[in-house]
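Got some structures for you, see below.
In what follows, chain A forms one complex with chain B and a second complex with chain C.
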Partner chain A sequence: MLTLNQVSRRYGGATALDGVDFVVPENTYMALLGASGAGKTTLLRLIAGFEEPDQGTISLHGERIDGQPSHLRDIGFVFQNFALFPHLTVAENVAFGLRHRAHAPLTNETEIKDRTEAALELVGLTGFGHRGVSAISGGQRQRVALARTLVCEPRIVLLDEPLGALDANLRSRMCDELKAIRERLGVSFLHVTGSETEALTMGDQVAVLANGRIMQSDAPDMLFSHPGNAEAARHLNAWNIFDASLCNHDLGQGPIAVRFDQIDVSDPGAAPTERPALHATYLTGEFNGPTALSFFRAADGTLLQVVDHLSQPRLPDLVEGQGYDLHFAADALRQFHGAA
Partner chain B sequence: MTALTTDTPSTTTHSPAELREKKDRRRAIALLSPGLLWMTLFMVLPMAMVIYVSFWTQTTFSVNSTLTTASWERFLSSATYLGAIWTTLRIWLIVLIATIVVGYPVALFIGLFVRNKTLQTALLVACVIPFWTSFLIRVIAWRPMLGTEGAINMILMKLGIISEPLTFLLFSEFSVLVGMTQIYCVFMVGPITFMLGRIDISVIEAARDLGASFGTIFRRIILPLSLPGVMVGSIFVSVMVLGEFATAASLSGRKTNLLGNIIVSQVGSLKWAFAAVAGVVLTIIITAVIALALRLVDLRKEM
Partner chain C sequence: MESRILRPTLALYTVLFLLFLYGPMIVLTILSFQSADGGPQFPIREWSVYWYEHLLGFAETSRVSQLPVGDSLLRSIVLAFMTTVVSTVLGVMSAEAFRTRFKGSGPAFYLIILGMMVPGVLVGLGMALLSNTLGIARAWWGTSFVLHVVYTYPFAFLVMLAIFNRFDRTVEEASLSLGVSPAQTFRRVTFPIIFPGVLSAMLFSFTLSYDEFARTLFTAGRDLTLPLAIYGTFSVEIYPNIFAFGVLTTLFSFTLLVIYGLLMKRFTSKASRYSGQEDA
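Coming up: the complex of A and B.
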């Protein structure tokens, strides 16, 4: 179990992490979702030991690891750009850790070879060992980077946007494979990403990092349906967040959130009275294939989005620039207290 | 190709691909020709001339173009001149190693530990500052430094480390080595810094994450990746040191005779044929050294 306790990291005047409390349980695929610049990579670098926290403690299996040299932490790190050793072959890359680690290096060449081949087989690269790393494709490099890390059997594997450099097809395939590999090994993965779909697909648990803190850490379906605060909801890219006072019903004060797919649209005044409604101007629509997204502007300038599934269309014909009533079931809204 | 165009005259229109190819070829020739012309006029022809002259007949004060191998025989049978080859090779090797030993850590610092590009450039420029003065001043400045009443002897005497001045410091092979290492070190620092600067820092972090200590990372990752830089630096330093004569002339007190010094003195006494022999020998040595260096590291693969 990896535990971060009140971890802070500042760069000059800028605060990257501001008292992060975070737990990655055993045998879990943890996805960490955050916008670019939110401090995701910093968090991983602190755990791996490439940097040290200004405040707070990091411990792994109850043993404090901050302050330990990074090469003795026994933590796997998969880099976004793969960071393969350009002058070594695929097999030499994978064997590097086994052969050259300071703690308990292997000297038996047969064992090194067997374990290298097993690791390459695990990531589906049997027979690629002799190739140079510049002579393989991006997806294969990703696998080599993974094999190189996994072969050392680290206590936890950190993946820094591991799919970011791959094309969309490859990304969805690697998603499944990463999950399968992790389940086979039984080690925890901490996968950092900026994509909410990736985080929700991959994670047994998903944590949202924003403003230098973990906003929420929950199971993906729980996080998606019950975001605990406005920041978490915003990162899921499925929630409209607006001020409660915009609605005709008395919903109290502060920000409330309603999911894109739970808002219905009527002509002004035609909304059912039992449903809370707000007035907004239709801006434009975006056709995405199976779904269509419509954009509205509320009275205070807030941008609102409504998703319509083409199989069950529920929106009337919309005219750009015209006002409409957006209404939703009273139990569809999430109300946040005190959060920004 | 030419046959084809003559068979079907004027009416044929060339395909755009052919036209493009023609244009590219014309451009390549245009780009190449100044260099080729220069090389032919000022390198290939003079080289051939030097080889030719080395077989001329040398009398005391003149040469004539009667072909003979006399100069070669004299050169290859003389202990002095063979000794000069040996001295040249020895000094080259020591200076080469010294520039690597002194230059590599500097390059390592600038290229790898300074990650700010502006600071990197500033430090590299600082390495070149000695070159803002003339070559001669840089060499002669070593005299007040290393002489019997020079700075180093004075300091050592004041500190009581030595009781009488060290005489081997100046006008010896030592001073030539010191002078050359100082002058040529920057040519080693530059290329190595460049190669080290290209190493992705995350590659080093990856090695560290896999459990390797800094020593291992240096041996297994940093050193191999910077070797092409060492090789390019070595070629620069080698070419300059092997052809050197000025440092040896002003700092060795005429005790160290390099092939370069022999050429200078032979030309000075109008022994053209003999100077030509030494020139050809020097060229062969330099060519061999560069060929060897290129063999060791495949630059095409690494750059």
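Coming up: the complex of A and C.
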């Protein structure tokens, strides 16, 4: 179990992390979702020991690891750019840790060879060992990076946007494979990403990092249907967040959130009276294949989105620049208390 | 339209420039094949390799004494080699230090660079005076050696600084995350990757030291290095044997360059040597 307690990190005047409390349980695929610049990478670098926190403690299995040199922490790291050793072959890359690590390096060549081959088999690269790392594709490089880390059997594996450099097809395939590999090994993965789909697909648990803190850490379906605060909701890219006073019903004060797919549209005045509604101007639509997005601007300038599934269209024909009533079921909204 | 005039003009200019650049060397090469009774000027009386034989001691005794370059050549090579090793090691180490900002890194940078900026005559003179004051004998392996290092070290440092500038730090972090100690990481990851740069730094240091003149002139003491020895004969009397020697040393430098090129090629192509086996 990896535990971060009040971890802070500042760069000059800028605060990257501001008192992060975070737990990665045993045998879990933890996805960490955050916008670019939110401090995701910083968090991983602190855990791996490439940087040290200004405040707070980091412990693994109850033992404090902050302050320890990174090569003694026994934590695997998969880099966004893979960071393969360019002067070594695939097999040499994978065997590197076994052969040269400070703690209990292997000297038996047969054993090194066996474990290297087993690791390459695990990631589906049997027979690629003799190749140079510049002679393989991006997806294969990603697997080499993974095999190189896993072969050392780290206590936890940190993945820094590991799919960021891959194209969309490969990404979805690697998603499944990463999950399967993790389940086979039973080690915890901490996977950092900026994509909400990736986080929700991959994670047994998903944590949202924003403003230098963990906003919420929950099971993916829980997080998606019940975001605990406006920041978490915003990162899911599925919730409209607007001020409660825009609605005709008395919904109290402060920001409320309604999911893109739970808002209906009718002509002004035609909204059912039992449903809360607000007036907004239709801006434009965006066709995404199986779904279509419509954009509206509310009276106070807030941008609202409504998603329509092509198989079950429920929106009227919309004219750009015209006003409409947007309404939703009273139980569809989420209200956030306190500071958002 | 533009390139129809511009390109040939630029090409011609480049050719003329190169001719101008290498003119002295071409003249020197031609004159080195002068016959035994010819002097260091045109016309060539008869083509021969006499002066090469004379230089290497194969010719029968003649009125011209043999060029006293044997010992000085050896000294220069040894000195250049010593300088290369020390400067490159220092250059790599300090460039590595400059990868992280440390207190006083700004002034330290300029102090290092100063070594190649200050006029050689002045440092040479200063070193000569200092060694006199301190009572240290001047020698090519002592006082000159120190100045050669001061002179070539900034070049090695700058080369390595440029290399580290493009260096992807994450491969080192990857190595650390695999449990490999910082020392082993340098040996197994950093050094192999920066090695082409180290070769360049070595080449710089060697060639700069090999024909250094001003600093050596004041500090070499009794035993002369090659540039000093050649200058010594040059100021007395000139025979084509010195041209023959010039050609040979140029060939030697070319050999170094070729070795450098081969090593470089071998090293940089290593990463992609399996590119032909895509369907294994």
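Following the convention adopted for this analysis, the second predicted complex is superposed on the first by the 340 of 340 C-alpha atoms of A that agree within 3 Å, B and C clash if a C-alpha of one lies under 4 Å from a C-alpha of the other, contacts with A are read in each partner's own complex, and residues count from 1 in each chain.
In this section, a contact is a pair of C-beta atoms (placed from the backbone, for glycine too) under 8 Å apart; a residue touches a chain by one contact, two chains touch by 3 or more.
If you're wondering where the values come from, they're calculated on a predicted model, not measured in any experiment.
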Taking chain A as the common reference, can chain B and chain C both be placed on it without clashing, or not? Answer clash or fit. clash
First, second, both or neither for A:201, with chain B first and chain C second: neither
Go through the superposed model and pick first if A:102 touches only chain B, second if only chain C, both, or neither. both
Applying the document's definition of touching, compare chain B and chain C: which contacts more of chain A? C
Regarding the shared-chain residue A:89, is it in contact with chain B (first), chain C (second), both, or neither? second
After the superposition on A, what does A:131 contact: first (chain B), second (chain C), both or neither? second
After lining up the shared chain so the two structures overlap, which partner does A:48 touch, if you call chain B first and chain C second: first, second, both or neither? both
Could you say whether A:262 touches chain B, chain C, both of them, or neither, answering first, second, both or neither? neither
Would you mind listing the overlap between the chain B footprint and the chain C footprint on chain A? 48, 50, 70-72, 74-77, 79, 81, 83-87, 96-97, 100-103, 148-149, 152
If we count contacts the way the header does, which residues on chain B are in touch with chain A in the complex? 200, 202-203, 205-213, 216, 220-221, 224-225
Chain A-facing residues of chain C, complex: 168, 170-171, 173-182, 184-185, 188-189, 192-193, 270-275, 277-278, 280
Flag every residue of chain A that touches chain C in the complex, lowest number first. 48-50, 69-72, 74-77, 79, 81, 83-87, 89, 96-97, 100-103, 127-128, 130-135, 145, 148-149, 152, 154
Quick one: which bits of chain A touch chain B in the complex? Just the residue numbers, please. 48, 50, 70-72, 74-77, 79, 81, 83-87, 96-97, 100-103, 105, 148-149, 152
